[in-house]
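In the two complexes below, chain A is the common chain; its partner is chain B in one and chain C in the other.
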Partner chain A sequence: MTEIEKRQDRAPVVPSAFEYATAPESREIVRLEERYGLFIGGEWVEPRSGELQPTISPATEEELAEVSYAGPEDVGLAVDSAREAFDNGWSSIAPSERAKYLFRIARILQERSREFAVLESLDGGKPIRESRDVDLPLAAAHFFYYAGWADKLEYAFPNRKPRPLGVAGQIIPWNFPLLMLAWKIAPALAAGNTVVLKPAETTPLTALLFCDVVRQAELPPGVVNIVTGDGRAGAELVKHPGVDKVAFTGSTDVGKEIQRAVAGTDKRLTLELGGKAANIIFDDAPLDQAVEGIINGIYFNPGHVCCAGSRLLVQESIYEQVIAKLKRRMGTLRVGDPLDKNTDVGAINSKEQLEKITELVAAGEEEGAEIYQPPCRLPEKGWWFAPTVFTNVAQSYRIAQEEIFGPVLSVLTFRTPDEAVEKANNTPYGLSAGVWTEKGSRILAMAQRLRAGVIWANTYNRFDPASPFGGYKESGFGREGGLHGLEPYSRFE
Partner chain B sequence: MAQAPALPGGFELPLEPRLPRIGSVDQVAVEERAASLARRSIKRESKLFALDLAVRMIDLTTLEGADTPGKIAALCSKAMRPDPADLTVPPVAAVCIYPNLVPIALERVRGSGVRVASVATAFPSGQSPLEIKVEEAARVVELGADEIDMVIDRGAFLAGEYARVYDEVRRVKEVCGDAHLKVILETGELGTYDNVRRASLLAIAGGADFIKTSTGKVQPAATLPVTLVMLEAIRDVYEETGRKIGMKPAGGIRHAKQAVQYLVLLHETLGPEWLTPELFRFGASSLLNDVLLQIRKEKTGRYQSPDYFTID
Partner chain C sequence: MRLPVKKTYKLYVGGAFPRSESGRSYEAEGANVARASRKDLRDAVRAAREALPKWSGMTAYNRGQVLYRVAEIMEGRRAQFAELVGDEGEVDGAIDAWVWYAGWADKLAQVLGSSNPVAGPYFNFTVPEPTGVVGVVAPEEPALAGFVSRLAPAIVGGNAAVVVASEKHPLAAITLAEVLATSDVPGGVVNVLTGRKDELCPVLAAHMDVNAVDLAGAVGERAELERLAADNVKRVVTNGEGQSPWHIAAFLELKTVWHPIGV
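Up next is the complex of A and B:
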């Protein structure tokens, strides 16, 4: 056992006469296939590669289904099918017709949202409270939003004539599987492109269920193709000459590889990569709500969020008060079964991710930061990590510099707004930031000076399809969402 | 360097030296938090515990111009033995009535453990001269009431005369003697959560034993977010000074399900220590019968007709 595991084992669980009932969402609603093929040209096809791998529920280590791993030949077929669909209709049908399909998909997602939410929690380990209240409503909202743009593109770009690019190759991460699919597919289709999408290897199931939605909406075959697999399939997709546009959301390391791979081609590229966001609490902030914001910033989807508020910057004059409130609040977080409606913090997505978190946390302790974890009993099976906060963190520590992508918060202090800006910007990343203050002028001044794509004021991790999202520096380039999100999928005459 | 916001005018008072900073409240976030706690579901065994506790926390209330000795007698009987068919159901915490009816109530509840609370200080508006309000409170204490529910002068509060509000609470507290002082903020008239927090701290600084949301005469009365803001003020005072202040949401709580939501909010914010009638009350009238109905359902597995519960 590691030091941390020992500590968690010893932690007492506070008894109480006033306990929450387990309120599990039923799995009945989800019908899983034993094995899934690839979705190419509107049909399920057997992978030419012949490779199948299990997909596992991180909360129980249960094998949910077998999923195909696409090889080069499979990716080629998918791209060809997308090209054919693009040439034979999708790029030239009336834009109002494209809009109808997208509206239809949005409505079907709403109708089947319970089914999708349960499957998302099952395959990815995130609490049902989040998949039900955040992922699904947002995914549907994204399709609704871009459906509205589909027949108004010429108004979106005044005096410019937008034309579709062709085939978009899209690679998405495992933290918001269906939502990232919606972020990618909705604008691409609205602008008249066809897509080949590769879901993450640990969370392919909602993307595969989405194929059912595509069929239900009677989308022309080949407009949406889903190829499952690991990094090899992604690499094939990126380098395939038939792909006109690559969109990737994931780690900075892979993003760099992709950028190298498309260098020298005429492929368009957008990258949405890692982050190490500063969540800045000024001494006039509404403290109890700021603490909720800190919790939501880092323990939402157990920190598996590229824009997570993983560096807490607290003004020194309120430091002790904030930490006391934070620790108390952490004690009420409920870690456990993702399908339980009372659960706040779910499972870690994969064994690899758990190892990475454990390694970085150990590094934090070694470097001299002070660790705190509330007493909580973690389930025996599956991959779990208790909500963690590090105090006494120096800017130079790895836990203050590297993206942990887990429920681990590093706390630093500042004395003046200038120092807050300096520390917040002192990172290779620049995806998001949070500012908590009662002072409107200070919010605007901070937003001007923080080098981050998204800045939340007195809230955190709030998303809307109308609002563009993307990063500075090593957090990537290009924007998704809003009007900005259409541009990477269009060329202009 | 940025400082905590300056105290508003009139706030330079002999407040307790270690009272927490006034601070502020974010409306969107506090409503979101209250809503997310309202979606928790509690265990079946916990439910019976919660319902039983809810009965013990009720201040059974009638505050009508039409209240008569007969009405008060009926209310007191109900308070002492809420469910004649099930003697395991405990009595409620108190009856809450107008001053003139205090002697009658005292006579009725004697020896039962049910306390008598009376409103005072020109309830419900508080718009009378201070001396009269203090005198009223003193007389109610003289009559023997165990608890005094006073109202703050919202007119003075909204005009920014915080010192006056504070002084009034302090003066009333002085005449309370052993009687417990509950201070009604009438949050429905305060307009913002910032004001609710400010008024809570003022009342606590003035000597309140309990802070209470509403008179029941103004809409909206108690809501979950308002209660959360007040509980957080109580928590800040407790953490800063160790003083334990009670909380009483009043008005608009009619269903057992709502009562359980309030208890979840209380438990999450202040912990198990506050799960006692000493520190939490419901100001309600029709809530009691719904709780009794639910208790019967938990015990027998069946819902009874409301006709089996007395209306007093």
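Up next is the complex of A and C:
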């Protein structure tokens, strides 16, 4: 540890000066059922599998509801229902009518946004400030954006005749449950497909509430089917012969399994997988903004973000300054009740995920990295992990190589732009990267040389329905969002 | 009566024409043709990876001119190709395909890219970029036109390629390699292997430093090759779009860049 860092560690923690009264968001707005069936053909049906499992609030370990775990027969029924809806109307109604259904969904999500936001925070553990200000507005915007494409597809693909594929089987993760649902369902329906979507096992509730939006929007039965369950249901969906397109967001390991499972079939596939993004800070960067970008890059949705800026690359000349500022800023992060409007960092999504983070952090300490966590009181119940930064990290350490998917930042240094590029690209992943510098030509050069699908320059973790998102290398293929997000859901005559 | 000088048909790797390191050959179309080994394939992938920065770093205009030059040099050897494949139409089609794809180099970003109107003060744009090293299994027939129709779209966007030539009709591919070697295509951008597809394709599909594979010309179990390709999440092309910018797009990544707007 350098002298400056030692001094910083002993400096009084700033945030104690700011004590906030709690400001909990009321959960009255959410009405939970005791148990949920599967949403197939526009109706709630009991699972043929007979299997029910509780879904738990990660912040309190409270059992929120019982959810059906779909078996092979259930998945089959959902695919059949989607096929029937595709053949009997959805693929042949006027595209302008299809558009109007999607506009309706966007509007209903806006109208019921608080209800969804509270439920998202309850079931997934993310701070209400994020679900309210990020997840919900973006989910509604995604439907609004793709609604407009539904009757303009021929303008998206010059000299080609776009046609829908048929039934899309979609599997989404637990980090942005409703937003990922929107990313999957909106372009699929806009392009004229019907869908069977499987939410993540730990965060099924907003997808189940979305079924009520489908009802209110009067979407024809079977156009959207939601089957909850675990990986077994996902595997069934992937291999079902009635599925024409598979879209998956999740880990690279599971993505590879899915790519193997569809090998040799004519199923279309898009994969949005893991990442280990470099967030690169040059010595001429606006440091206070950069530190906000670092914080937003790794502690947003406590690092449960595939594009999280989990590797911080700092130019050597400003290393001590940046680390000092970063640690001071980390001290102001408020960890706790996701429903408290002051909370910055919520709960870890599941016990399993907490174990994975804990294991990797232990590996980081064992390999010789230096750990720092600001003093903070973690709630006694639920699953929590304090914001963590590792310094003295070598490229070869597991915490610099593997996706941690938690609030854990690994700091590396560099001297030249070449070295920054070399280190940033030295990973099998290629989802995103950040660059901070005031020099325009350097931004463009770095943006060109970084092998990643999304480059945030002097900003981080920005998302928009008009902006294509997706990875290079083992971070997957295909794009979601924007004009490019329509292509994976279309075939061409 | 003069005895003609016969050509030795060798591999094309890294801009040179080596024999197979295995010392093997096989007889095809009346000639002894090099039978590439797994080691040759790995060498070819390394050559492609090394050639990538230069080729992908060229301006699109420059890349287009180089590919047009390929057509020019082929035109000069039109009679030779026609005799080799026995079909003038096929040769003309192959030459014209190079011209067609050459013209795409500096238009791809405009047709496949976009400026994205995000809901905030950010400049946001999307551009296509090469995916890296592309493995191409050329179709068995037509040997020349098939080879060109799969190779040109793979490299016009800035990728480097390792191509496994038609097993039964490998001579057109090796003769085309002589054209590439004299057309300002940097060595290593295109590497041509002849030999047994059942031996080479699985190694190509599984290679961890290959970013994408075109399996349209593969023989045998397509499913098994696709499974191998999943080990590093390769982009897999199994059919033809025909002559199309979308075929080029199958080997391109899309990169989206955000920057705040402010003073």
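The working rule: the second predicted complex is superposed on the first by the 475 of 493 C-alpha atoms of A that agree within 3 Å, B and C clash if a C-alpha of one lies under 4 Å from a C-alpha of the other, contacts with A are read in each partner's own complex, and residues count from 1 in each chain.
As a convention for this text, a contact is a pair of C-beta atoms (placed from the backbone, for glycine too) under 8 Å apart; a residue touches a chain by one contact, two chains touch by 3 or more.
Keep in mind the model is a prediction, meaning the values are calculated, not measured.
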Simultaneous placement of chain C and chain B on chain A, clash or fit: fit
Touched partner set for A:33, first chain B, second chain C, both or neither: neither
First, second, both or neither for A:438, with chain B first and chain C second: first
Which of chain B and chain C A:417 touches, first, second, both or neither: first
Touching partner for A:263 - first (chain B), second (chain C), both, neither: second
Chain B versus chain C as contact partner of A:459, first or second or both or neither: both
Contacts of A:255 with chain B and chain C, given as first, second, both or neither: second
Chain B versus chain C, judged by how many residues of chain A each one touches: C
Touching partner for A:367 - first (chain B), second (chain C), both, neither: neither
Touched partner set for A:20, first chain B, second chain C, both or neither: first
Minimum Cα separation, chain C to chain B, after superposition on A (Å): 6
Common ground on chain A, meaning residues reached by chain C in one complex and by chain B in the other: 458-459
For the chain A and chain B complex, residues of the former touching the latter: 16-21, 23, 129, 282-290, 292-293, 315, 317, 324, 332, 341-342, 415-417, 438, 442, 458-459
Residues of chain A touching chain C in the complex: 141, 158, 160, 252, 255-257, 259-260, 262-265, 271, 273, 428, 443, 447, 452-459, 462, 464, 466-470, 472-477, 479, 482-484, 492
Complex contact set, residues of chain B against chain A: 1-5, 23-26, 28-30, 32-33, 36, 39-46, 49-50, 232, 239, 263, 267-268, 272, 275
Touching residues on chain C, where the partner in the complex is chain A: 111, 114, 116-120, 122, 124, 126, 131, 211, 221-227, 229-233, 235, 246, 253-260
